[in-house]
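My questions will all concern the structure given below.
Going in written order, the chains are labelled A, B, C, D and E, and every chain counts its residues from 1.
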Amino acid sequence: MSEHLPILMVLVPLLSAPLVVFIKHRKASRVIATLACALSACAAWTLALQMSSAVSYPLGGWRPAIGIELRVDFAGAYVAAIVSTIATFAISLGTRGTREDVVGREMFFYAAFLMCVAGLMGMVVTGDAFNVFVFLEISSLSTYTLVAMGKERRALTAALNYLFLGTLGGTFVLIGIGLMYQMTGTLNAAAVSARIREVEHLRTTHVAFAFLAVGLGIKLAVFPLHQWLPGAYSQAPHAVSSFLAGTATKVMYFQLIRVVVSFFGVAYVFDTLHFGDFLLPLSLVAMFAGSLSAIFQPSLRRLLAYSSIGQVGYLTLALSLGTEAGLNAGLLHLGAHAVTKTALFLIAAAFIAQVGDDRLDRLSGLGKRYPLLSLGFVLGGLSLIGVPGTVGFVSKWALLEAVLAGGRPWLAFLILASSMLAVVYVFRVVEVLYFRAPLANAPPLARERADWGSWVPAGLLVLVSVGLGVWSELPSEYVATAAQSLFGGAR
Amino acid sequence: METAITVVLFVLLLATAIILGRQRNLFAASMLTGIFSLVSAGLFTVMEAVDVAFTEAAVGAGISTVLMLATLSLTEDVEAREKKISWPALAVVVLTGGALIYGTLDMPNFGDPHAVVHGEIARYYIDRSWDEIGLPNMVTSILASYRGSDTFGELGVVFVAGTSVLLLLGGRRSELPASGESPGHERPSSRPPGKRHAHVREMPVVRTVAKVMLPYIVLFAFYVQAHGDFGPGGGFQAGVILATAFILFGLVFGPQELVRHVPPERLERIMAVGLMIYGGVGVVAMLLGGQFLAYGVFTPSHPSHGHHYGIFMVELGVGITVSAVMIIIYATFATRRPSLAPQVVLDAEDRCETEVSADDVPLVPEERALRSGADLLAEGAAGTDAASEVPS
Amino acid sequence: MITDVLHVIGAFFVVVGALFCVIGGIGVIRLPDFYSRCHGSGITDSAGAGALLLGLMFFAPPLVAFKLLALVAFLWVSSTVSTHSLAKAAYSQGVRIENVPRKDWTIAPPPPPAAEDAVLADAASAADPEEPA
Amino acid sequence: MTLPNVWNYWAVVVLMMVGLYIVIAKPNYVKKLMGLSLFQVSVIMLYVSMGRVTGGTAPIYILDDGAPRPFVLYTNPVPHVLMLTAIVVGIATTAVGLALVVRIREAYGSSEEDVVAELDRREVEAANALAAQRAAESDASSATAAHAGASHEEHA
Amino acid sequence: MSQSLGVGVALGLPVVGAALVALAGKRPNVREAVTGLTGLATFVAVAALYPAVVAGRLPELQLVEAMLPGVPLMFRVEPLGMLYALVAAGLWPVTSAYAAGYLREHHEQNQTRFFVCFALSIFAALGIAFAGNLATLFLFYEVLTLATFPLVTHHQTPEAQRAGRVYLGILMGTSVCFLLLAIAFTYYAAGTLDFVPGGILRGHVATSSLPLLLALFVYGCGKAALMPLHRWLPNAMVAPTPVSALLHAVAVVKAGVFAILKIVVYVFGLDLLRDTGASDWLMFMASVTILLASLIAFKQDNLKARLAYSTISQLAYIVLGAAMVTPDAILGGGLHIATHAVGKITLFFCAGAIIVTAHKTEVSQLDGLGKKMPITMAAFLIGSLSIIGLPPTGGSWSKWLLALGAAEQSPVLVGVLMLSSLLGIGYLLPIPLRAFFFDPPASPAREHGHGHGHDHDHGHAQDHEHGEAHPLMLVPLSLTAVGCLLLFFYSQHVVALLRPLVTP
């Protein structure tokens, strides 16, 4: 049974979606959905912990290059474990924050959510270029709909804008895959990387990589192509915004790493194409612009969305170094940011559940009223800044080491300067929470513990982020082996 | 000869695309989209891609045009105003196009048999797929067996599309008319009284011919489903054609009639059943010791038979889900009661906006809750609690 | 020998079919108002496509020839009905021959619109029939 | 440098760019969706023209009494398989897009991107103005409360 | 290494104290008692480590094997850390008693949060004192900033929030941008972050970049309030006086200079700096800070602001000591941590007492106050003497050692020391002297006649019959005054404790 783990991770959520629609029972669909995510998470964790080398699972029984092969290496298992765990946390919020007319039809909401999870998990484990596009489309399509389920009418426009940009991104990826197939004649990752050597000098190969990079860049919300992210994350229902914040951009980032490392090869991408020199300025701009605009946002979730754009800047910066240490830092930051940002969005959801709106002026003075939630936000915020003792610090430290090893100390200073901006917007919220008198004419506030479901997952994730901050050898060793196996000492 | 036809088709396609861009009347534009798909299906046939041509014709020309027309009946059918050429868009387009053209410079000649792309896996499929799977139509054998997971994912996409449309538009179905189905206009059309079409239902000629043609379309759909192994066809095309038959029924006899005969609740279940059949076949293969979707294990003695059964079952699952989804999507669009919210139009200077009210049909209570744009702004200006006061 | 004769007949029908399509096309462009243009497009559907398919039957093996025959029958039924429904819908929307300005009236100018047509008349003006946008 | 015979791809690229232009430039959402389907159909053309082999027949075995005739040149079937998926993805995205456009038309009263963006902007402005007004109110009331509270501090 | 348990107890006690205080939230007496008890217990636990440190067996405790790849969360108590811990733990019970009285008198809100943060700050200070490597030091350095932030913005008034923003901005900014960068660079260059007597950078860093690295470290420790980055200290005076007393005279600022001393001794190593002369620029900057801060202190009429600027100049003494790198200078700097702490806390206690009882905050209002508050003014006199460095108080010894060190370097530095002592006399001594020998300002109400409404008298009348400060405040400030005197006689113990620092 255990050799079927790679496909089970994807199959369980994917098949429980039609099951939920078939059963059409409102309460049962939520239980099935949570169970499916939990099972997928268990499969991912067992695979991650017990695998000694990269696992290959030939679908349909065909030889890898002929049929489609699921290829899970350490990094893939790491990302899959994170995605499925965060999905389990997010789904437990259920249909909070969705529109009224979803009431009779929760089963479709859960089906779309499960398909989104299956899509993302599929993207992480598959080793075939076109299969990546198919799972990309599954997850994107369900994401557009889930975002449109938000309470306000602005969710609809956010979803449609996301659809246009997302589909353009997907189609760019499709063009990239097509050109890559034309140049190498095969779609399997290992086969492509073997054949890419002969066609490295051809212009079509350069253009293929360019389209793949731009397509994934749109899905990754790299700076100039990020317009869809703030609206989508701030208008989506709670479960969806928490899930997306933690996983969507992270899986696309992992896919960009796979394209750079497994498909095209690091030597080609960084030496002939000088992709690093192109990606570095973009990520610096993203880091500063994202955090800067986060400072001036009126509502909590928009603030967190813009901070996500800033954090994506760190991810792409790590990749642009083109060294194994950079990759290690990128993967670590991927995990750290996933945990932290999901915790923060869950807390924002808990606030909205109590206060009805996440505009900052509505949250003033909640520190006294909801001490635990506010403390959770403070710890999450600290992890976002990268204060020692939180998992954010571990990944920022790895990034600093990678940058210094790359011989660019001025870059290290820029990283720290941009995390100063994070200090500003986190403590802006802290000030609103703790040091402002509550609104005189605010409606009466429900007791904090009234709504278990919304803050227990948040609390757990905050504890994880602080715990991993101190006992950091668990993630960093695993990620180091993942980066080493992925990188194979190419540079 | 072939290049001559290709040139003509490309010119036709380009003309259609350009006119589509400039056309302000959206009904005409949707027709042009249908023409574009049909001509591209022609081009695919010329390029010997028969399966793709069949699907493109069925899906592109058939379903997407019908959906666009259904949408236009619920929204405006004329584009607001002719926007001048937007230079940033042109810049992006020229840049992307330039990159692609730059990419084509090193491509092998069009149709060159010794190109790399025909080497690797294509050579394997052409040489070995008859022995390993034994289906004349290579595309179906690759589609369903070699790259079975792709099609499984694709079916997932179709399922998500169905679920999404149900989630988005399933909310407000117009109530089924009382017992006696008056052939008149149950659906208050959003058009001013004078401009209402004579509904298709009063056209006896169309009703009788439709009654005659429907069985043949359904029969053809089943033919395409079964014929997938031998010629162009398969689950997708069959599902779409079956759906077209039901859509024709819905168009001619009215969406209420369609919903009465094919209730959406049952359709939603059928939609899920198809995907579960496909997944089920894969899981059975796993239980019998092979990998997911390894049909060979069904009949260990000679695996190609296993593949036949596997592919047939899988194609059946695909056909079921695709037909159910396409019907559901059409039914949801057709039975969605238009909200009759007055159309908000920005005047030339983008500042104040004038409201062109479609007609004076009173808003239905639920629409009050949805608060169309105009009322909201009026309230906002008046300073009372605007949208932000969401009932917590 | 016999096949050459069949091919010649077939080629003849194909050419005739193509000719009808061209005539239909010109008809759609040149004819002034909606209904005559409907007539033009009708020609390409029935006569043009019909003759073309008929001509191809002479080239194709028997099974394919039968399929083409079924196709001809199907085409003739569906295209005529669609033209009919198009015309009826246009009529119900108030498209009238006389509303179209015409240089040389071979027939007498239309009587002033009677009362019962008033509703349809103003609708017609509102609907601004088929202006090539 | 001899230009390879790739005018076929250029035609496809031109169609693609017309589609892309419509998506980016046209404000009407339905027109954008049409542009999007144009863009996707032309990508399908790129794949299919990639797989074309001059003189090759359709990728269906020509059977002579049960066995495929040897030495027949077939076109490359793999792009056709991939494109079946792309077509279905295109129609799925169009269907979801159209459903969203209908909902937006109902909620906003318009299906034009610039009108909807304008309405959104005004809604946010109204919300901000309301928040500022409420903050001013609460400051005023809390100031009075603080003053009243000054005389009898509670020993927390 | 049985001592590792001792280190754990010493660190754990404040946290337990904080938790207990949080639990005893609503009952003030229980809360104050708990704080006082934990303060004493912590002092005892820290003192218990003293014999082991003096004997050279440095107690060690490793909590987490690898907080960062290859860097454990590890504590090792070396002499300098011992001194700082003793100072912080010693003064904590005294301050908590004082705070109880002050808050009672001053009717503050949410005092629970005050005491919890107080305990956490001490926990962080001890963490910094005992830190075994740079990463642990940085961790507790940040915890100290975060623990003291709510104390600075305690009043929740707009000015308090603005002060909090400046406080956090500068401290967090300098620590993240400079200190973390320096630590990362050290780890990258030296491969380890442990504090090793004699330094870890020898041979790993190009001599040309040593001054830059030192600058990053020094300005990274924003808490040392060196001149360009000192603005947060005067702003933080808006906090209640016990906060200014313990934190901004003892725990927080001392953390900054303590970190600088530790880095100079254990990361760079004295001989490395002496050979490369990398710290010469620091001597110049420290002297500029000393003089400039003393000058600004002159024109500060507000009592607490004047004390704040005097703190900035005194801290620069210690940084100067570190920069001079000669053994005497290091010993002087270390001793000055203790003497300045005790002296400055006395002054702040007196200032607090004056504010609460006499409701006077400006220096000009203090004439003739000695008659009403003799003990407070006497303590203020003793504190001032210690700060200036005159004989009967401990401050003289540390000034003396610093002067010896300066003599080895250059006569200019000796001049700077002497000039700053003069300036110190200028802005500190007149306060107690005017309080004792000048008569209180003629009360303006009398000449204006009785036209005024009675409320004016009410304010004025209350001014007359106040006597000495509340005993809960009087006892701590006299204790610390006595402490200044004791340090004069027993400073050789402190010097003996620090001796292993400088002996190779």
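The rule is short, and it goes like this: contacts are C-beta pairs under 8 Å (C-beta built on N, C-alpha and C of every residue); 3 or more make two chains touch, one makes a residue touch a chain.
It should be emphasised that the depicted structure is a prediction, and the values quoted were computed from it without experimental measurement.
Peer 1: After masking chain B, report the chain groups that remain joined by touching.
Peer 2: Once chain B is set aside, the chains that still touch form these groups: A, D, E | C.
Peer 1: Have a look and report which chain pair racks up the highest count of C-beta pairs in contact.
Peer 2: Max contact pairs: B-D.
Peer 1: Of the chains shown, whose Cα mean is nearest the mean of all protein Cα atoms?
Peer 2: If one averages C-alpha positions chain by chain, the most central is A.
Peer 1: Rounded to the nearest whole Å, what is the centre-to-centre distance of chain A and chain D, using the mean of the C-alpha atoms as each centre?
Peer 2: 20
Peer 1: Averaging only over C-alpha atoms, locate the centres of chain A and chain C and give their separation in whole Å.
Peer 2: 57
Peer 1: Taking each chain's centre as its mean C-alpha position, how far apart are chain C and chain E in Å?
Peer 2: The computed centroid separation for chain C versus chain E comes out at 98 Å.
Peer 1: Roughly how far is chain A from chain B, going centre to centre by Cα mean, in whole Å?
Peer 2: One centre to the other, that is 30 Å.
Peer 1: Provide the list of chain C residues touching at least two other chains, using ranges where the numbers run on.
Peer 2: Nothing qualifies.
Peer 1: Using the touch rule from the top of the page, what residues of chain A touch 2 or more other chains?
Peer 2: 130, 134, 137, 141, 144-145, 148, 153, 175, 181-182, 187, 359, 437, in rising order.
Peer 1: In chain E, what residues contact two or more other chains?
Peer 2: Where chain E is concerned, no single residue meets two or more other chains.
Peer 1: Can you tell me which positions in chain B touch chain C when the two form their complex?
Peer 2: Its residues touching chain C are 23-25, 28, 192, 194-195, 197-198, 200, 203, 205-206, 209, 212-213, 216.
Peer 1: Per the contact definition, I'd like the list of chain B residues that touch chain A in the complex.
Peer 2: Chain B reaches chain A through residues 99-100, 102-107, 115-122, 124-125, 145-150, 153-154, 156-157, 159-161, 163-164, 166-168, 170-172, 265, 268-269, 271-273, 275-276, 279, 282-283, 285-286, 290-297, 369-370, 387-388, 390-392.
Peer 1: Touching chain A in the complex: which residues of chain E?
Peer 2: 64-69, 73, 135, 138-139, 142-143, 146, 150, 153, 156, 160-161, 164-165, 168-169, 172-173, 176-177, 180-181, 184-185, 187-188
Peer 1: What does chain D use to touch chain A in their complex?
Peer 2: Listed in rising order, the residues of chain D that touch chain A are 20, 23, 29, 32, 36, 39-40, 43, 46-47, 50, 78-79, 82, 85-86, 89, 92-93, 96-97, 100-101, 103-104, 107-108, 116-117, 120, 123-124, 127-128, 131, 134-135, 137-138, 141-142, 145-146.
Peer 1: Could you pull out which chain D residues touch chain B in their complex?
Peer 2: Its residues touching chain B are 3-11, 13-22, 24-28, 30-31, 33-35, 37-38, 41, 44-45, 48-61, 63, 67-68, 73-85, 87-96, 98-103, 105-112, 114-115, 118-119, 122-123, 126-127, 130-131, 133.
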